[in-house]
Each structure stands twice: as C-alpha cells, then as structure tokens.
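Every chain is named by a letter (A, B, C, D, E, F, G, H, I and J) in the order it is written, and numbering of its residues begins at 1.
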C-alpha cells in the first residue's frame, strides 16, 4: 500500500458520503483545518490520537491508520499546472526579490521557517468581491555563524 | 539599456549611500513597501509620479525614469536556489493540495487573484523567537461558465 | 477512482455509442461547448444540474456524477507534442512580446484574465480554404497598487 | 550585431522619444499592429518597404534596416514567467484537450495554421470591467494522406 | 482503453502472426506505408475504410476499429534515446541553421509544412554500403502579413 | 575569439554586402550548398582550400581562416523555438515510430548514418503551392555483433 | 507484452535459478557477453538462432522468443542516478573536450561509431587493487562532404 | 557591480598573492573556515567587522566591503558537474531514504535545520589512505501542529 | 518482481508489525543502521548472511531474499520535494564552493569517496533544542595523473 | 579572469601558431596526452612543473600559470549536442544495464573509479576502415559496509 493509494481511498469515501473538508476537519479536530486536510491528502502526519479519529471516521484498517501516523514524502511536482496553485507559484516568482530584501533588512541574515509555521485561510467580505485572506507566520531563523572562540554577536540584528 | 542593468544600478547606489529599503520606500511613498521594492528590483512598475520621485532620489536619467514606469517582464527563475526564497516555494509544494481543497470548498470553482492582491510583512514579537508575519489577500475570481442562454447561476456558491 | 479513469471511461462510452462532442454538449447544455467538453475531459467542473445530465447521458454511478462536480487538477503537460496543440503553444511563443506590449499600452499594467474568460470556436468559410476562427475575451485585471493612504489613482489608464 | 541588440536599441529609442507602439505601427503601416510590433521586437520580418519606413522613423543604419528585413529566429523561452504571458500559456494547457476534440470533430484530422494566421486585439467595453478581446483565425490544414494510387478521398470531411 | 493499449495489442498480434509491416501496409493499402504504420503505432488516424480493413486483418473489436479512426495525441518524448531515431534529431540540430537560411532565401519568410507533407523511404544500392534514401516534400507556407488595407504584396517572393 | 563571434561577423558582412547564401556557396564551391552554409554558420568545417576561399571572400584574418578549418562543437539547443525548425523536430516526433519500424524491417538492426550523409533541398513547382523537397540519403550502418568465434552471419539481412 | 515486462521476467528467472550472466552468456554464445546481456536487458536484439537458444534456456513462449529477435527501443534515462553508471557519464563530461580534440586531430572531422563498435570488459589484477579494464574500438566515420563535382579529397586526412 | 564580479576579483587577488584559504580565514577570523570561505565565494554574508577585515586584507573599495556584508542570493546550479561536488549530491540521492527514515524515527516529524547548522572538515589519518571527515550538526526542528485549542502535545516525541 | 515492489512489501510488513527501523537493524545486524535501512529501502545490497536474516525476519520468499542480495539501481529523483531531504540538497548547493576550495587545499586534486564512505547519525542533546549530528568520512581519492615515464610525483600533496 | 577565458586564450594561441595538441602535449610532457589536453581545455589541473612548462610554451602571465595549477570546476553540459561526444553518451545509455550487470557480477558491489582512472586513445589500422581504440582502466572500488563489530567479510567477492 502506498500513501497515494490511501489518499485516493480517502477522497473516494469523502465523495461517497458527501462530506466537506470542514466537516472532516472538525470531526478529527486537534489541529488547524489546513494541517488536517494536508495530512489526509498525503502531505503531513496525523499524531496517533488524530489518526485514530480519522480511521474511525473513514472506517480504515489498522495498517491504514498507522500509515496516517507516518510522515509521508512531502511535496508535489512543480510548477503546478493547476491555475489555483499556479497563482501561489507566481507570487513567489514575482515577489521573491522584494520578500528577500525586506525580510533580510528587518530580521537580518536568515529565513522564515516553513516548519515552525502557521497558516490560516479565511474569507474577507468585500463589496468589490470577496477576498481570500491568508495569514501566515513562520519563526525567523537566523543563520548561525559558528566556529569563532566567542560566537560573533552581530547576526540577528538589523545592520542597515 | 535593459531593466536588469537599471536594477543593478539602483542596488549600487543604495549600497553606496548606505540606504535601507525602508528609507527608500518612505521617500517614494504612495504604495506598500513590497510593491515599491519589487518595482525597483525589476518586478513591477512605478506609476509616473512615483517614478519621478524614485528618479530624483537615485539621480536617474529621464530614460531611466521612464523605464521604471514601464511594466517589466515579471518573474524570476524557479525553483529558487536561495534558502529564504525556497521556503516559500516549499510552502506551495507542501500545502498546495490542502489550499486547493479548502479554497474551492469555501469559495467554489476559481482562484485567488495574484493581480488584485495585497501583501504585508511584519514582525511578530514572540518569546520563542520573533516571527515573520505575512498577511495576504487576493480577490476570489470564480471561473465564469459562459455560453448558456441564461448564465448558469450555480457557480460562485459553495456547493458542498 | 481518479479523474483520469473517469475521463477514459467517458471517452470509451462516446466511442461505443458513436456520439459526437456536439451531440453530447447539446444534450448537457447550459454552458458553451468548449467548457462542457473540457469538463468531460478532466479540465473543468460541471455544476450539479449539468453533472446530473451528464451522468444520465453516460449512465454514470452517483460517485462518478459527484466527481464531475468536483474541480479537477487542471492543466496538461507542456510543451504539447501534438501538432494541433503545439500551434497554440507556438502562437504564445512567437506573439508573446507583441501581445504584452499592445495589451499593456492599451489597458495599462495588468493581465487578461484566464478565469473570467470566454472562448468560441467556429468555422470561417473561405475560398482559399476554410479557417478556424477563435474569439476569446477575458476581463482585463489591472495590477492593484495597494498600501497608499489614498490608493494611487493612475493605474488602469493608458499612460502612453 | 545580433537581433537582440537591435531590439534593445529600438526599445531605447521608443522610450527616449516617448512614442507608443500604436504611433509606431501607424507610421510604418502596411500590416496589422501585432505583426509590426512583433517584428520590431525580434519575432518577425518587415518586408522591404516597411523596413525602410521603420529605419527612417528610428534613424537606423542601412545594415540595421536590412536586419529588420531578415526572418529572425522566432520564439521565446517557455513557460513564460511574466503573468500576462503566462495566462495565454495556461489557456493552452487547460483548454488544450477540448480545443483538439472540437476542432478535429468540426474540421477533421489537421491543424489550425500558425503561419496563415491573423490576430486582432481590441478593447471590449463592459460594465463589469473592460475586456481584452482577441479574434484569431488560422487556415485549417488537413493532414494529407499521400501514397495511394488514388488519393484517399475521405479526409477533410467530418466523419462523426 | 487507451491508444497505447491498442498499439501494444497490434504489436502483439503482428509478432504472433509473424507479419511484416510491409505485408500489413499492403493489406490495408490506400496510403503510403509510413502513414499506415504510423497510424497503427498510435501516431495517426486511419480513415474509415482503412480502419475497417485494419480491424478485419487484426481481428479487432468495433470500438478498437473506431479508435483507429480517431486522431490520436501525436508525438513522442524527445530527445529520443534510441540511436536510429536520435540520428534524425541530430540532423535537425546540426543542419538547422543552414536549412533555415537556405529555405528562407529560396522561398521567403515561411515554413515547410509538416501537415501537407509526404515522405518516402527506399533502399539505395551502393557499392560502399546500401543507403537509406528519404525523399520528403512539404508545401511551403508563407507567413501571411495580414492587416493592411491592401495585403502587402511582397511576401512569398525571394527578396535576396 | 569564439566560433560564435566568427559566425556573427560573417552574418554581418553578408548583410552589409547584400549577398545571398547561394552566391556565397557558389563563390566558395567544392561542396553542397547546405554544407558550406552550415560551416559558415558554425556547424561544420571547411577544408583548407575552401576555408581559404571563404577567407578571401569575406576578408578574414588568417586566424579566422584557420578557425573555419576547425571542426566546431556542432549542435544547437533543442527543441527549436523557431517555427521553420520546429516542423523538422515535429516530423521526427510524429514519424519516429514508423521510421524505426520500416528502416529496421528493410535493413535490419542498425541506423541511417548522420555522418556519411547527403542532403539536397530544392523547389518543387506545384499548382497547389510550391513545395520544399528534401532528398537525403545516409549510409545504412548495421549494428555489429562482435565477439563470436565466427562473426554471427545473420545481421544485415531482413529477417522478417 | 512490452519489452520491459520480458526483461523483468528474464531477471526473475535468472534469480530463481541462481544463474550468473556469465553462465547465461556462455549458454547462448555467438556474441560477446556484453551484447548478449544487453539484449536480455532490453537494449539489443538477439539474431534468430540466439533468440532460440535464449528461449530454450529461459523456457520462453514463442512470442517472447520473437520479441528477443526484435530491435528494442534502445537507451535509458539520463543522467544515471546509479553510482556505477554515473562514473561513465562523468567520464564523458570531464574528458569530452580532450576526446574531441585528440580524435579530430588524429583522424580528421568525424566520429567514432557507436554502431560498428566493440567493447570488452576484463579484470586487471593490481597490487593496489584490481582494476576494471575496458577496451573499446569503434570504426572512425569521417564526415562526408558531398555535393562537389569531384568529391573534395581532403577529408579523412589529418590536416594539422 | 554584481556579487559574481566581486567573487572573481577576490579569487584573482588570492591567486596573485599566492594565499591559501586557510591563511585568509585566519586573517579574517571570527567564524569557521567554511563560513568565511563560503562568504568570499558569494554564498554567505560577512558581518561588519569581518567584512572590514576582509576589505583590508584584499584592498577592497568601501562599496565592495558593503557588498560582502550583504546576504547574497545563495545557491549554485544543480546537479553539480564537478566530481568533488557530485559525490555530495550522490550521497543525498543514495542515502536519502535511510536518512529520512532514521531521523524521523529518532526525532519525530521534522527536519535537520540547514540554517542553525554547523560543519567542520578535517583530515583523518588512515593507513589505507587519509580520509575526509565532515562533522555536521543541525538543530532538529519539529513540524509545529498549530490550530488546536490546546496545542497537540505528541509531536516531537518518538512515537515508534 | 521489481525492487520497488519488494521495498513496498517490506514497508507494509514493518507497519503491520509495528516495528521500528532500529529494531529491524539490530535484528539483522552486521552493518551500520543506515546501510541496513538503505538496503531495505532499495538503495543498497545485503550480503548473503544478512539477506538471510532479513528474509527470516520479514518472512520473505527465497527469490525475495536473493533480490535483497542484488545490487539495486541506486539513486532517487532530484531535487527532493520532501523538506527533510531538501535541506541536505541545499547544504550541497550553498556550501559546495567552500567544500571544494577547502578539500582541494587540504588534500590536493581529488574527491571524497562516496563508496569507501561511512556515516553515523546521532542525537546531540542541547538546551536550545536537540541537534541532529552526522559524522561522515570518506577516503580521499587523489586524481591519478597517468602516462608519464615516471609517474608525476606531485599529486596528493598540498601545493598551497 | 575565469578559467573559460584562459581556455579561449590558449585555443587562440594554438591556432595562431598552427600547433597540434600532440606537439603541445609533448612539449609539456609528464602526463598522458589526454590529461594535458584536458587541463588546457579547463577540465583538469597541471601540477606546478607542468604548469610552468605550459606557461613558457604559451607565453602566459604568472597568474595564468597559477590558474593552470588550480583544480577547475570540472564537467561540461549534458547531453552533448556535438555528434562526436554524443556517441560516448549513447554508449553509456545503451550499454549501461549490461555494464552494471557484468561489473557487479565480476567484482561485487562497487564502481569503477573515475578518479584513479587511466585512458589511452590510439588508431587501429583496419582494412574496413581505421578504428578509434580506447583503452581505459579504473580501480574497482568496493562499497564499504561499515558499522559491524567485525567488518562484514563477504563484500568484494563474487557471490554468484
């Protein structure tokens, strides 16, 4: 059994039962909707109690429940061909240079973590048409400059 | 003169003067910092009054000012090799399936616009380490189903 | 069940029954032919009443009908190897620079939407050989320049 | 001298003079705007009298005038990173299967020519936002089935 | 059923019966050998009477016969890994610049059609080793320069 | 000096003098037009007496003459973006499977040489539009099956 | 049945019987070990008597025996991920420029044939560690310069 | 001025002076050798006091010193063609599955940071030939499972 | 049976039994954990006694045991999409230039072997968060400069 | 100065002086011709006394002599477009599976070193046309199976 087969099975059951992702995420609970849906789609892991709830909800076998508790091989093929996903790809392509310049100026040499990372999606009512609002925050991780007798103290400050 | 040459010249002047992007963005004003920095880095256009301010600030020639007012060929090569940028690429790769599922369930068949789009970056103080906070919102654009005598009315609603 | 399997099944039934796409599109109705055929080939969604009609026409199971009502992962692999499709690819490659120059000069900084988009294909009788006529129109989406106290008013006008 | 250098020179002169493409296309005349702009951007050829007019307008040397009369190496790198151009790429990706099905059903086995091809861009006023309208027509070229004593007569008809 | 499955089935039957392609092409007739073999290998379409003959020869079901009458998705993955095919790829790579220069000088701005195209393969007896002789001819298609009040008359002539 | 620089210089001189390739090929002589033009465009070598003639014709320096006598690094980037060249690429893609089947059936296991290879381009007058005729012949090279005490005798025959 | 399926079957039988490739090659005989193993792994053809021997050894069906007598679609995906194979890839990458320079200086403009080609692998005992010795020889094929009234006589000689 | 130009200048000075990287790293000090060399080669940033030392050592202009203090666009093209670098690429390719399995079993769902990361290279004397020893350590970053009322407590533990 | 199928079977059994890789590696023994896990995941070979132990542990058939004793086709597709693996890829990309400079300065012209190579993974307790520690050592292999009457003696020494 | 610029300079001098690679290799001496030519073409290093000889021969500056003594970034872009080089690429593609099978059966699990590697090119007189003979030998490097209390003794033997 591969994770792809399990994902397809979960999608099939969801379709047959006529469930929404929101319903499924609430039934399983314990994490944000995007993390639960991501795990069910093969991009994340459900910790044991959540895997158990998911298994009960979908009527999975024990080995399938255990597979949901495994860290999958994350990631999907790029660039995305799907228009909804491509727009996110484009945002990185177009805003990349400015994101790098502004984050490094504000935080110093480092990155926004994609691991200690949180994301929320919501609907923003708007007269000109509702908007998709995404709030994300990732811990800033400064590059560590190891190897000096006393660790070089400057990193992590804005040096501008 | 290519836009790449102009971008390099702007980076050189910024370095020589010891300016920050924040200072530059405030001097030019009229748009969010990320849009101004993006335009100066060759990923966007400055409307005429802003291009004029930028030209005065950097001491640019008139043809350079006009080039800042042109829409450049946006986009950078992917996947990014730079770690800061790669993390955004990874977020799309890993969260793509859940983003698609959740947005389509909430809004229907369509996309979050990358054109009618707003993004703000800020610092989130946190005892466990400050966080990079990014708030983005894009207008939801529903796929239009043309061609019926009366336009099919269902799209744009959640059908779950 | 994957969408590819459903598409193959639909193609098989069409072949066995000896139907044309035109016949199928008329039976289902409610949208332009290209949208209906696209959805049946796995590149779009049929709203519920149309999915029901398609299911009745093809004798599909309920879960198959529901799958037709799901937004698929759109997009096909590029560049196309098929000559008919490659010609469209070539048109973008060869006319890209002029399209960009002319649209931006006429409309300002922005794009032609591929979402709020309509396309019609017809036959143009011609003594030198009939022609394929394609009329497409997409809503012009101007880049929004957010972040100013008062939104910068210039965008959307031709600045030439 | 390469064609890329000539294109850059033409863009530089246009910027300095503050000309629009429309003005340039009218000055040169004799072909549609998209063909003239395409040729000036290195994607097409200007026949001799048009190359002469372009040379006079831009003040080009004789060898530059002759280069405009040469067929360049057409085509640009794909997929486009620029959002305006990417939308055309996406349209081919998403509508490809339906375009192929519908054109072949209507015309038989063949292609829409990208050589005997005409394209017009115009603005479509619309209360919901103006639209970019593109009308294209290409001669239908049926695959020729050579080699029979009498050429197989069926091709070119709809066989549905 | 996919076209690839049908191609594999045809190859299997040919192998079991010990037929040659020449025998098969003669049995089906009506087109050149290369077109018939290409269609059976999934790169072309057999018009109805030929599909019927092929179906009788191979003992195919009616839906398989109909599939042979469908235009397949032409094209194979490139560059070819097979040495026989790679040599053709190499010929395009190495002779491309000269082919372009000579054809454009002789015929003007345009292409050799790959649709209205004929190809014959034969053996050329030679004391130094027999040679593969390939004669191909494709209709020259001049780029059409549309859009003038009177169509620009120069194209199609040699302008050298 | 690189071969690309020499090629660009030769193109510049040709343009300034208003020469055709045909004229150049006749002046140099001694090989087919396609080989001479190919060599001047950096895809082949001119043997010494021909390099000398070319150098005199173009007024080249001695080191440039010697460079024309060097075997260049042949080959151009693929797939070609230029429509004229792409059609040859497409012919390999679409006709590849049939070419392989027919050549191997006629000649046995081997290839058509791209080295001991001859190609002629001519114009084929035709009421439906003139045609580009290309006649190519390459020596058939059978795969050699080495290593037996007596060389296996079957190869090179048709085994059908 | 595809050639890949036959290769997998042959590998399975070899594993079950505990045979070595050397044993298999000797049983089949008639060609060098590398050619026989290559053919069994789907990269070559066994002439009829050898295919018959292989079929008897492995207990293959008649259609499988015939498939071994077919020229397969040669070639494997590159670059190789396997370290043993990658080293050969690296040798071409690193030694390519010198190989080209030396072979062309010694033999003139041409190539070492990969078709009329022989290769032997042996073990070279060595105190510092045994060595893999590979002796290969390919017929030198000079580029033919066709098209002159009298064929240009210089090619094939060293012109240094 | 680009970072690549500065890197080339630094390499030129190093060569002219006959310095070793070890000497340079000791003169600049304050970080491990690999970080200093990496920054001088355009893959990292030198904090201000180190950039000043480097500038004095190499006799750089003030704008060059400031550029060394900027975070560059990190990353190099992959896969590496150089054999020394390729071996590291291969180690990731071959050991990837086991690294993922063992790290996730020991630490839970997360990654080894490439930012809070330290690496030392040393020589390991060995009778069978000296060895390159590399000790690396990166902080383990557990995937954060946000969004529950109480943060799900299980992550970060081994769940085996 | 392919190695991928065997790997999937081993993963399935491990999941059903609830075993850890550590337990499995200890049961099989005889090599480091990373080599055993790598072999079970299809990236290495188990010598016969270890393959036997693995077969008994997992209840494999004899042909499966023999397959574990075969050298697989090593390597996985790159770049890795999985974040844990990508960090290793990034380390090579970012540290490549410094690794090459430092190793060549210390050891001379050559590489760190990826074949005579050892790697250990351990947990490094740390108040700021535990760290993944990886110690690797590979034999330095100097490029051999063959071909002189007396082998050139300098290689292998630092020439700084 | 980059290594590519030095390589181009060396090629220019060679052309102007009319030298052969053989002459140059003999003048420099001390290593095989292929290694010396490779180093001069930017794919290897000349140890100090050889770099000195090369510098004298070509009249290079001291910094250029030192650059010849540096290990370059080896490797060239693949797949090769040049026919002579492509044939080597093809040999790896086509013979890869057999090479892997035969070397592993004869030597066990490991590789032929591309570092401790020797290659000689010579001309093999042959009535059917002279042949390029290449003799290569690389040290066999067995995969080391570390980590057992007593190193597993089986590797390196043929286990067939």
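Worth a mention:
By our rule, contacts are C-beta pairs under 8 Å (C-beta built on N, C-alpha and C of every residue); 3 or more make two chains touch, one makes a residue touch a chain.
The structure presented is a predicted model; accordingly, all values stated were derived computationally and were not measured.
With rounding to the nearest 5, the Cα superposition of chain E on chain F corresponds to a rotation angle of 180 degrees.
Of all chains, the one whose Cα centroid sits at the greatest distance from that of chain D is I. Comparing the chain pairs D-F and G-H, the larger number of C-beta pairs in contact belongs to D-F. Interface residue usage between chain F and chain J, two copies of one sequence, is largely distinct: under half of the residue numbers at the contact are used by both copies. Rounded to whole angstrom units, the spacing between the C-alpha centres of chain A and chain G is 48.
Rounded to whole angstrom units, the spacing between the C-alpha centres of chain E and chain H is 53.
Averaged C-alpha coordinates put the centre of chain A at 21 Å from the centre of chain B. Centre-to-centre spacing of chain I and chain J amounts to 26 Å, using the average Cα coordinate of each chain. Residue numbers of chain E whose C-beta contacts span two or more other chains: 33-35, 44, 71, 73-76, 78-84, 86, 90, 93-94, 100, 104, 110-111, 113-115, 117, 141. Taken pair by pair, the chains that touch are A-B, A-C, A-D, A-H, A-I, B-C, B-D, B-H, B-I, C-D, C-E, C-F, D-E, D-F, E-F, E-G, E-J, F-G, F-J, G-H, G-I, G-J, H-I, H-J, I-J. On the chain G side of its complex with chain J, the touching residues are 20-22, 33-35, 37-38, 41-44, 74-76, 78-80, 82-85, 87-107, 110-114, 117, 119, 121, 123-124, 126, 128-141, 160.
By the touch criterion given at the top, residues 29-35, 44-45, 47-50, 69, 71, 73, 100, 104, 109-111, 113, 115-118, 120, 141-148, 152, 154-155, 159 of chain B touch chain C in their complex.
Chain E makes touch with chain G in their complex at residues 8, 12, 15-16, 18, 80-84, 86.
By the touch criterion stated above, chain C contacts chain A in their complex at residues 1-2, 62-63, 66-67, 70-71, 73-78, 114-115. Note for the complex: chain B touches chain I at residues 79, 81, 83, 86, 90, 93-94.
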